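In the part that follows, the structures are each spelled out as structure tokens.
Below are two complexes that have chain A in common, paired first with chain B and then with chain C.
And now, the complex of A and B:
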């Protein structure tokens, strides 16, 4: 049963390329447009790249996220899952596949951001690790909000209101990691905090999401 | 006995639909659930499947159907909705529906199933291109899984053409002969089905 659920989400990951391309297109646009509004005699481009990227990740990953469980509820697939294996495995599989959907394009985009904003290439490994942890946290928090707002019309705005405050610690520690790497200072402390938040969210929130989905379908 | 419902009551918001509903479904029994629109037929079926909570009352299943994995393998629920993934092909959807019940079929078996529901040649087509009747046939094709003992169908004949109504009637009759029980709703009289009628009122 797990195999069937895993195969379904894996196939859908590749059969819906628009879901993968839309957020990353918005992200690229935000990153490219942002410096055009700045007076670059007063700001240094390399110090802006990482904060801009993080904010763009926060906003673009929320795009369309309210649809994460909507179709499965509409088609009655959630009911079938509840009658067979239960929702926890489904939620975990869904989250991992959705994280891959947003993470794979980010891996491609990060070197471009480093190039556009003239950041040192040596920062790439740590930034990639921080970006992976931050995006994983964003996905699980946003999925929680998507489950809470399931069935509401125009849930996107409400979702952003619910999620963005919860993501402030993620943003702060991810930003601190990048800042420390770029200043060639010790960055391990900040990234450990970031990893702790992400691990905590991934260990607790899938339970909460499956309970909320259970309630939403009664 | 397949299931025994004891003293069920259902409320929708502040509106009491019914209470004190008790019935038993035995092996090889065919039960036609009847009621006017909005009287809670779908809610009753969903409740039996464990998808809704009762206000009061209890549903007792046969001893060998109580465990979670037994329930998935032995009980088939087909509701109004068709749980297909629109971007996946007909064949993939069929495999996934069966996989969700813990069943893996060989390629020959899958081809035979598609032949049976008249979708041979559509195996690689995305499910979103299927008509309503074709989607329903694809979902109903799960009824051939050998482990099943109880079918719970919410308006199974909707969208089916005449030929496939007869096809489904034949399936139900064969299932009944093998000892399976069926609970279904329908507003139409279905010729050929001698069912006990259960009224919700």
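And now, the complex of A and C:
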């Protein structure tokens, strides 16, 4: 049963490449539009790249996840899963697959950000690790909001209102990691905090998401 | 014991009993707030460093405390609703929400006017200040849940979903509480603790305690007052409403 669900998500991923390309185009645009509004003689680009990337990831992932469960609910798949296997496994598989879907393009975007914002290439491995942890946390929180707002028109606003305050610690520790790496200071403390938050979110929130989906489909 | 426990399942019993409770808490709130604020603002001695500026403490400390306690209360009421399914708990949570949100605003505003003369600025991006500001948005998100979710999932499911949101959001409370100890901030750590003698004379902390008790009573008073109205709104077409408030149903 887990195999069947995984296979389904995998096929959906490759048969609709636009689902993967749209958020990443938005992400790239956000990152590239930002320096247009800045007076580049006054701000240093290398110190701006990482915070801009984090905020753009936050927004683009959030906007891209509005419809995460909507189609499964429309087609009745969600009801079938609920009646047969229970929702927890479904939520977990959905989350892992969606995270992979957003993580793969991020791996491509990060070197571009480093290039455009003139950051040192030596920072890449740690930044990639921090970006992976942060995006995983964003995905699970945004999925919680998507489950809550399932069936509401214009869910995006409410999702942002619910999720952004909760993601502040993720943003703070991810930003602190990047800042430390770029200043060539010890970064391990901040990234451990980030990893702790991500682990906590991934261990508790899928349970909350499946109970909210349960409520929404009764 | 169990009989006492089961009474809370009855909306009619709550509606009738809470009229007297809310009156009692209302009078206590009036008494303690007048006592604490008049004593604090007029009669308490001036501080040797901050002079009269510190007096805003009698508004700032209770409102900041209650802002956190109210959110915690909403999360606990949510947990009680999820576990024991007591019908009145989500209504109490919904009723106390505007009080909590107002307390955050009052704490931020009074803090800004206290910060200006003592720190030289209304606002800094400090851990305590920013986490309190985000608490306000947590309240707003919860409020949006109560008002929007019933349309998509029905009222009872929406109450349970909002309870889950409140429990998830309550992770922010320890961050606010301990932010002044974990990070280096301008904001000072708490001067009064339950386990230690306060770091100020009795003529300063007694009015503060009176004001804090007043704020607690005000919270209970406003919560009960609003819960009674929300209960009537939710159960307008039930038989007990017709029995207890015949004019309300007959008129419409």
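Here, the second predicted complex is superposed on the first by the 217 of 218 C-alpha atoms of A that agree within 3 Å, B and C clash if a C-alpha of one lies under 4 Å from a C-alpha of the other, contacts with A are read in each partner's own complex, and residues count from 1 in each chain.
Just so it is clear, contacts are C-beta pairs under 8 Å (C-beta built on N, C-alpha and C of every residue); 3 or more make two chains touch, one makes a residue touch a chain.
Since the model is a prediction, treat every value here as computed from it, not as a measurement.
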item	value
Which superposed partner A:12 touches (first chain B, second chain C, both, neither)	first
Which superposed partner A:120 touches (first chain B, second chain C, both, neither)	neither
Partner chain(s) touched by A:111 [first = chain B, second = chain C, both, neither]	neither
Which of chain B and chain C A:189 touches, first, second, both or neither	neither
Chain B and chain C footprints on chain A, overlapping residues	218
Residue ranges of chain C touching chain A (in the complex, touch as defined)	130-131, 134-135, 137-138, 140-141, 144-145, 148-149, 151-154, 157, 160-161, 164-165, 167-169, 171-172, 175
Residues of chain A touching chain C in the complex	144, 148-152, 158, 161-162, 164-166, 168-169, 205, 208, 211-212, 215-216, 218
Partner chain A, residues of chain B touching it in the complex	46, 49-53, 68, 71-72, 75, 77, 79-88, 92, 95-102
Of chain A, residues touching chain B in the complex	1, 3-5, 7-8, 11-12, 15-16, 71, 74-77, 79-86, 217-218
